[in-house]
Structure formats: structure tokens, C-alpha cells
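Each chain gets a letter, A, B, C and D, in the order it is written, and its residues are counted from 1.
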Amino acid sequence: MITLEQAQKMIETALAQGAEDGLKPLSAIVLDAGGHPLAFARADGAAPGRFDIAQAKAYGAVMLGMGGKAQMARAEAQAYFMAAVNGIYDGKTCPVPGGVLIRDESGAVIGAMGVTGDTSDNDAKVAVAGIEAAGFTAED
Amino acid sequence: MITLEQAQKMIETALAQGAEDGLKPLSAIVLDAGGHPLAFARADGAAPGRFDIAQAKAYGAVMLGMGGKAQMARAEAQAYFMAAVNGIYDGKTCPVPGGVLIRDESGAVIGAMGVTGDTSDNDAKVAVAGIEAAGFTAED
Amino acid sequence: MITLEQAQKMIETALAQGAEDGLKPLSAIVLDAGGHPLAFARADGAAPGRFDIAQAKAYGAVMLGMGGKAQMARAEAQAYFMAAVNGIYDGKTCPVPGGVLIRDESGAVIGAMGVTGDTSDNDAKVAVAGIEAAGFTAED
Amino acid sequence: MITLEQAQKMIETALAQGAEDGLKPLSAIVLDAGGHPLAFARADGAAPGRFDIAQAKAYGAVMLGMGGKAQMARAEAQAYFMAAVNGIYDGKTCPVPGGVLIRDESGAVIGAMGVTGDTSDNDAKVAVAGIEAAGFTAED
């Protein structure tokens, strides 16, 4: 289980890392094990639709139990499968890096983080930094 | 325009006020003038569906330009109207206190805050406290 | 069939009449006989969600072949029926005055106008003025 | 912020330019910074579903902060990403030219224009003309 304090730690770390690395304004969400939002923040200057992208990255990860990189590999191999998955989850998936699974020490998936705003790879990198700063294991 | 720092100030204030007053665990969201999320937090122990309630309270307020109390009065007078409005906005309205308009010094609506978790009146009270702590005017 | 020039005449007339009568900022839409938008305008100062309300008022009218007043009477008598209708049309109905049928000289429904922003009765009044200014018959 | 007068100026200019250039009947929408309609017009002879295309072009642009040309480049490189984005925004995106960002003199995105009816490139061209006629900067 992720506390609100841990979720905020992940988001603050990801946004601070992005600012330090000179990335574009980021948006970040942390979802619980059921795919429901615990915390979200959108940096000043980010486009208004960034909540939806961040949520979709994280939601698809936790609902499928697959990080964004595994989802992208599947989309490259079988685009129609990930398109169907998008419909199955009412549009709330985005099969690119930036949706990252959060695992506890037993290895159980306890939630997911979604980051968007820069390149997908940079989004994933700061999400991993955030998850690790809160003491959890990331699978991007 | 509401900055992320101001949005977080509103949410922290509302959740701290709720804890101080002995309210149940609260969830709070701040939306921009177009109804898009800027920041959200769900206190430990709150039910998983609280994001959706908080969002609906705030979304209905900003899209209609009416606080939760005015929406509730309309629902009491004409339930079928507010039911239709719920359909019009894809279910993202909740006509009770806790959806509060955020106005700047010129009086313009620059966003809305949605709080849920305790009684509707208590939800609205801490939302107002949060908005005022960030230096804005609240219409609940 | 309604031309774009006629649709714009209806909208300009409705908004000008509202301004002259001291009504709140209005939003107005004209739909064709299939319920599809021909023209829309939102006056400065109107809430962002007014497009959706205007569209719903007009869409319900043209799809049901009933003006807003007849829909409201039905909602007063049988709220669950109009609630079901709202679901049937994906939320795009609003059973109050302000959705007005547009009939040509043969009496055929050729579209509908939706106005929102002030009281429902005032919304309907300026919609009727707009439709008549374009040379058609209004059924509110 | 875009006034109704400015939005109508953009639309009138785009449709007039299209007629002058001998393009097919055009439809044009202007959305505010939150993706909500300010004004729309569909030229006589345009197909009934043109509102939805115009809205999708403009909505995707403003929500993502990317013009239609940048979206098309992304779709060419990663079709499954833009397909997922379409699901994320409930179908309201269209990754081709004709969705154009509107920037004010500070460079901030204050809305988007969507034009449809002729080739995507011609749609974008008249949208740019409309936005510039209203004194703003276009990013197509």
C-alpha cells in the first residue's frame, strides 16, 4: 500500500528531476493497486490535457501488470492488440514509456506511476527516480 | 491562472484543516478554468473512488459557473434538470456542497476546487479555507 | 434546409436581444434536421461548459421532435422517462425551455436552436426571436 | 483570452479564403484554452459530420499542445501512440493538418482552430489565415 506521503514524494522527485535535467514541464500521477488516483500534479506551462495522458500511462500499466516499455513492444509487434486494449479500458491506456509499475519488497504490484511532458524515455526515467526515492522498486 | 504551488497550497490546507477538525479522510482536487486537473491528493484511508467524486464536484462547478450550493438548490427545485446536466457532462457533476469556484481579484472564475470525504458542508468549509489560504476568493 | 447565413442571423439576433434585455452572457447553437451543428457562438463571460448545455437543449428538441417546454412538462410528470431519454441520447438532452424547434412554412422540422445562460424562460424567448428573425416558425 | 468577436473573425476569414481559393465547403471551429467551443460555422453544402472533425482537430491540438502537423508526424512514426491518444480523449483527436494552435504575443497557447472540408493542407492554410487576421500567431 502506498501512503499519500509516499505518492507525493514520488511526484515531487519526478518533477524536480525533470526541472534539473531541463525537460519540458511534466505532469505526474500515482495510482493505487486498483488503478485509482492517489495524487497528481501538473507543472506550470504543461498543456491542459496532460492529466489524461499521465493517467492513461499509469492505468494501462497497473491494469495489465505491464510497464510502458513492455506495452510498447507489444504495440510494435501487434498494434491491433493494444488498440483493442485501449477500447477495453475506455481509452485509458497509452502504450509508450512513462507508465511505470510500483512494486513493494515482496515483488507485488502496489500501484503505478504515469509521467508525461517530455520524450517518453525521459518521462520513464524520472518516474523511476520518483518511485525509487520513495523506497519502492520500479518496472518501466 | 493558478500555479501548481497555489493549487498544492489549497489542497494541503484543506486536508490539514480536515485532520485538525477531526473529519474523515478527505480527497481534494484543483481544476483550471477549463476543468482540467492541476493537482489532486487522497488522504490515507479514503475510499478508492474519491477521485471521481472530487473531480465531479469541481468539474460541474467550473463548467456551469455555479458552486455546489447553487447546484444543490437547483437540484432540490428541479431534480430532472441536474440529472440531465450530469448526462451532458458525461457523469462529471455532483450537485452538493464541496464543489467551490475559485475567483481571482477581478472576479473571474479561474478554476474550481472539489473536496469529498466528510459531510458535504464540511467538505465545502475546508475547500473555502484552502482557496482563501492561496489568496483567492471562494464561492461555495 | 437552413443556410449558414440564416443560422448566423438566428444566433446574432438571440445574443443581441439578450444583451439589449440585460440578460447574462448567452450561448446559442443552431442544429440541422439531423441534429448536427450548423453554427454556434458563446458570448464573452459565459462559463466554458455552455456549449454542451446549448447543444443538449437543441439536440433533444430535434431528436424527439419536442420543444423544451413540452419536454419539461413530460419531466415534471415522468422524470424517469426523461432521465432514460438522456441516457438514450448519450447525455445530449436537457428538458427545460431554451431548446426550440425550427419549422419551415410547410410545418416540417428543419432543425432546432438551443440557448443557455439566463433563466430557461429567457433563453427560450430570445431563441424564438432569433428563429423568427430568420423567417422561420419557432416551437419552444 | 479570445473574444467572441475575434473567434468569429477567424472563422469568417477562413471560410471566405476557402471560397475565394475555390476549396470545397469548409467548417471551422475556435476553441478556448481549455478545449471548449467559442464559435463554429459550417458552410452550405458541407457534410453533416463536419462539426465533429473540426472539433477533434482543434481539441487534440489544444489538449496536447501540438499542432496537426506535429501530430501527423508522430502518427507516421508511431501510429499506435496517436490511436491511444484518440481513445484517451474520447475520440476527439484527428492527427492531420487543420488543427492549429493559437498563441498570443507572449507565446502562450490561448486556444486552437480546427478547419475541415478540403485537403488537410488547404484546411490548415486557411486556418492560419484566420488566426493571423485576428492578430494572433498560428502553429499548424
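Operating definition for what follows: contacts are C-beta pairs under 8 Å (C-beta built on N, C-alpha and C of every residue); 3 or more make two chains touch, one makes a residue touch a chain.
What you are looking at is a predicted structure, and each value in this text was computed from that prediction instead of being measured.
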Rotation angle (°) superposing Cα atoms of subunit A on subunit D, nearest 5: 90
Intercentroid distance (Cα basis), subunit D paired with subunit A, Å: 30
Inter-chain centre distance, subunit C versus subunit D - centres from mean C-alpha coordinates, in Å: 25
Mean-CA-position distance for subunit C and subunit A (Å): 43
For subunit D, residues that touch 2 or more chains besides their own: 32-36, 90
Which pairs of chains touch, using the document's own definition: A-B, A-D, B-C, B-D, C-D
Subunit B-facing residues of subunit A, complex: 3-4, 7-8, 32, 34, 36-44, 48-49, 51
Residues of subunit B defined as touching subunit C within the complex: 33-35, 62-66, 78-81, 83-90, 109
Subunit D-touching residues of subunit B, taken from the complex the two chains share: 32-36, 90
Of subunit C, residues touching subunit B in the complex: 46-49, 52-53, 56, 75-76, 79, 82-83, 86-87, 90-96
